[in-house]
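You will see two complexes here that share chain A, one where it goes with chain B and one where it goes with chain C.
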Partner chain A sequence: MDARVKLLLALALVLCISLMPVAAWPVYILLLALILSAAILSELRMRPLLRRSMVALPFALAALPLLLTVPGQTAVALRLGPLHLAVTVPGVERFASIVVRSWLSVQVAILLTATTQLPDLLVAMGQLHMPRLLVAILSLMWRYLAVLVDEAIRMMRARDARSASWSGRGGGTLAWRASVTGSMAGSLFLRGLERSERIHNAMLSRGYDGSIRGIAVPPLDWRSRLLVLLGLIVVLALLLFGYWVA
Partner chain B sequence: MAGQTCAAIQIRGLSFSYSDGNQALRDIDLCIAAGEKVALVGPNGAGKSTLLLHLNGILTGQQGQVMVGDVVVSAPHLRLVRAVVGIVFQNPDDQLFSPTVFDDVAYGPIYMGLSEGEIRQRVARALGQVGMESYAPRTSHHLSLGEKKRISIATVLAMDPRVLALDEPSSGLDPRARRTLIHLLQQLGQTMLVSTHDMMLVAELCSRMVVLDQGRIVADGATRDLLANDELLRAHGLEAPPALGR
Partner chain C sequence: MWTSELSGAAITWAARTTTDAAGAAGGAFMHIPDGFLSTPVSLVLWVVAVLVVGVALVKVNRDMDEKRVPLMGVMAAAIFAGQMLNFAVTGGTSGHLLGAAIATALLGPWAAIVVMTCVVGTQAILFQDGGLLALGANLVNMAVIGVAVSYGVLSVVRRLLGNKRTGWLVGGLLAGWSSIFVASLACALQLALSGTSPANIALPAMGGIHALIGVGEALITAAALALVYVARRDVLERGEAAAGGRGLAVGGLVLAVLLVVLSPLASSHPDGLEWVAEEHGFLGSMLEAPFQLIADYVFPGIADERLATIAAGIIGVAVVLAVTWLAGSARRRRGSQGVA
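After this line comes the complex of A and B, so read on.
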């Protein structure tokens, strides 16, 4: 499938999930079923998918105060010394909805990145008129993240190779190790800076003039267009259903 | 040097200091005829890479002049000069900055403003010249150093340059990759200036050799004669390849 179709539909789905009203539980279940079926059809393994989708949960903690601040019928009353806290029913609903929705959104993003090569995704972003500079930054970041990781691994190996001790317990104090790690991070940064200069020279040598250019990509064929249209209709229907339920 | 034609490159009285005051080039005079393959040798820090960066105007000297063909290397002509002189940098990870091999090889032609058909044709031809046709859709991170070096050369061949400036082309290669590279360079018809420590490569590829030390040209002549001059080589931190030493 064309990466542009996947990107468009994934964005539409995330937008739909974020616009979904609170406590539209049947629709949340439908969305989950939709995402999981797409994952199964893409022959993705479920366990890594679910494990990776957990990254959203810490961010959901930001919604925790909602439990206490949304007015409504009290579900549980807590007493912490002089503090009276009331967890309200609408608060719980709001909080649970946010957790579920962010978890679903992350699953959509994981599904997209697991089924699409990043270079294709970058081309698709450019095609969908994402600013070229941003696409170029993403592309350089993706290209050099791996190089930087390799460099960091080599540095850590060099450190480990010299971290010997006779007594069996070495490694120095925590402060000393922290300072070693700090200077490693610093030298990684300096190396990155020098590399960026060399890359810039290589770009200039091949005619880079400050503007970002790319090669034209053929427009979407009618099948892909139809697919996008159908996908958008489904997403819209889900959204309307969500408002009807809630 | 007298009576030599300077059809490809002519450097007159070139001096250059970096902003930290380190004088990298002193009064360089060099003349290279079209089709000549010239080795640029000398100890680390002699100014070899700095000299290469002057050929396409990445650096510009405080004194003197560089001409490529009949064009002076200066701000108004940089676009033309960078199409005529292709620099292949030492580290392929600096040269290959795009998400895929195709994107990297197409980079130069795109900035030359060629049509899409022409760009695709040039990419196919350049990758064919270095024997890497099937690598176009791959990402360069997982390729071997030898493969990356050959693709780096393709990235400038796609621009159809008349002069190739190569910085340490054989460094870090295993014997087989090195052999393939030397064959490739022997087959290319471009004028070449090759900065290297690999004296075997010099002996096999270049009929002429220029010795640079502390920013000055200290010798310029037939490779065979200079490689036989032990005293000269030793004085400038060089070593003749064993088979050709005597």
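After this line comes the complex of A and C, so read on.
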């Protein structure tokens, strides 16, 4: 499928999930079914998908106070010494909705990236009018990310080889450990800088004149357009259904 | 360890390390996932991000030669990889770099905004470290506010202490710390404006935990700048020459002061924040409940409002620390069993 179609539909779906009202449970289940069936059709493995989709869960902590602060009927009353805590029903609904919607959005994002190569995604973003300079920088970054990650891994291996550590604690004081890491970061950036100079020279010697040229991408054909249209209709229908249910 | 011949494996490793380390150090609390910000707040912040990054791109396009693409591309990759470099703090938690301050010092503010945009955007798109709709907010916090505050602090410190090693060291310390701290305040305010997290809990908790995380950033930034100062002083001087915008420095400082002053106000007068929200038409602009800010909330069970705020802050920090520590020790256990 065209990366542009996937990008557009993923963004529409995330926006739709964000606009969904609180406690529209039937629609949340529909959305989950939609996302999971798309994942199955894309032949993604379920376990890694579900495991990775938990990434955002720790952030639920930020919404935890909602349990207590949304006014409404009390569900559970807790007495902790001098504290009287009242968990309200609307509070639980708000909190659970936020967590579920966040989980669904993460799955959409995973679906997009698991089925689309970043270079294709970048071309699609360029087609959808992301600035060309940004696209060029991002593609160069992607190309050299593995190289610099390798460099960082080698540095950390060198540090591990030279300094004994004991169950999560390195030697020396905290400030010393931090400053060692800082020196590593500094030399990583200097190496990056020098590498970028060499890359620039290599680009110049191959005729680089300041603009990156790519293969021209044809406009979307009618089938892709139809697909986008249908997808948007489904998303809109889900949204209306959500407001009707809630 | 990992066999890093396969770049794919290295990237997966990088992904896991960034997310794990971020989670362990509490840095994950800066990458807002989708679902936690209300749609109007997300969209407004997207507009802000697009505008500022657009200006930065124009400036970079005008001020730098055709070297800009390889320079910024590789530096973005270096910041990305640099975030993997971590050091043990305690109990399996680790500190690591965010990089806004260092990018500002090396590249100048506008290029740093572009580079940080690439880093934060890639984290969101590839590793779900932060949401797609929330990407605007994350860009504003980490790429725009982080860089602007760093730049403001660096300029002031270097004006006071001069272009010597101390200037860069102290500047690096303060810029690193304040970029994290101020960005976390902005993040908490956005959560409060979205009605996700009441201001009198979110602000002290986020500010408190990031005041600690910021120390790691400060130390790493200062040490990195010290190394660059010794090895390639010309780079720092070039970064400074590329700076240009005094407006951005002033803007960053004003922003920092505003957020720092506004935060206690917002957390002790949540109604004030509600008023701001009403004034800007967040409330009632959409259909109903989702964007309502909670009226009259003090921490439940405590009558005195100031006490309640402090209690909320302490409890928030304690909860975050406990979760961080648990996550860290779980990770360490996993690591020592060789499953990770």
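Here is the rule we go by: the second predicted complex is superposed on the first by the 191 of 246 C-alpha atoms of A that agree within 3 Å, B and C clash if a C-alpha of one lies under 4 Å from a C-alpha of the other, contacts with A are read in each partner's own complex, and residues count from 1 in each chain.
In this section, a contact is a pair of C-beta atoms (placed from the backbone, for glycine too) under 8 Å apart; a residue touches a chain by one contact, two chains touch by 3 or more.
These figures come from a predicted structure and were not determined experimentally.
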* To do: Could you look at A:119 and tell me whether it touches chain B, chain C, both or neither (first, second, both, neither)?
  => first
Note to self: By the touch definition at the top of the document, which applies to A:215: first (chain B), second (chain C), both, or neither?
What the structure shows: first
- [ ] Check the residue A:10 against both partner chains and state whether it touches chain B (first), chain C (second), both, or neither.
- [x] second
*Just chain B (first), just chain C (second), both, or neither: which does A:140 touch?*
both
Between chain B and chain C, more residues of chain A are touched by C
**Request:** For A:203, decide between first (touching chain B), second (touching chain C), both and neither.
**Result:** both
| request: Quick one: classify A:110 as touching chain B (first), chain C (second), both or neither. | output: second
Message: Contact-wise, after the overlay, does A:192 reach chain B, chain C, both or neither (first, second, both, neither)?
response: second
Notebook entry, point to check: Who does A:180 touch here: chain B (first), chain C (second), both, or neither?
Noted result: second
Intersected contact list for chain A, partners chain B and chain C 118, 139-140, 142-144, 146-147, 195, 199, 203, 208-209
In the complex, the residues of chain A that touch chain B are 118-119, 122, 139-140, 142-144, 146-147, 195, 198-199, 201-209, 213-216
Seen from chain C, its contact residues with chain A in the complex are 1-2, 4, 7-8, 10-11, 13-14, 19, 23, 28-29, 32-39, 42, 53-54, 57, 60-61, 65-82, 84-92, 94-97, 102, 106, 114-115, 117-118, 121-122, 124-129, 131-133, 191, 196-198, 201-202, 206, 216, 219-228, 231-232, 235, 287-290, 294-295, 297, 300-302, 312, 319-320, 323, 327-328, 332, 336
In the complex, chain A touches chain C at residues 10-11, 14-15, 17-19, 21-22, 52-53, 55-56, 58-59, 61-66, 68-71, 82-86, 98-99, 101-106, 108-110, 112-113, 118, 121, 131, 133-134, 136-157, 160, 165, 167-170, 174-175, 177-193, 195-197, 199-200, 203, 208-210, 212, 243
As the complex stands, chain B meets chain A at residues 53, 56, 58, 79, 82-83, 86-87, 89, 91, 93-95, 97-100, 103, 106-108, 110-112, 116, 119, 139-141, 155-156, 159
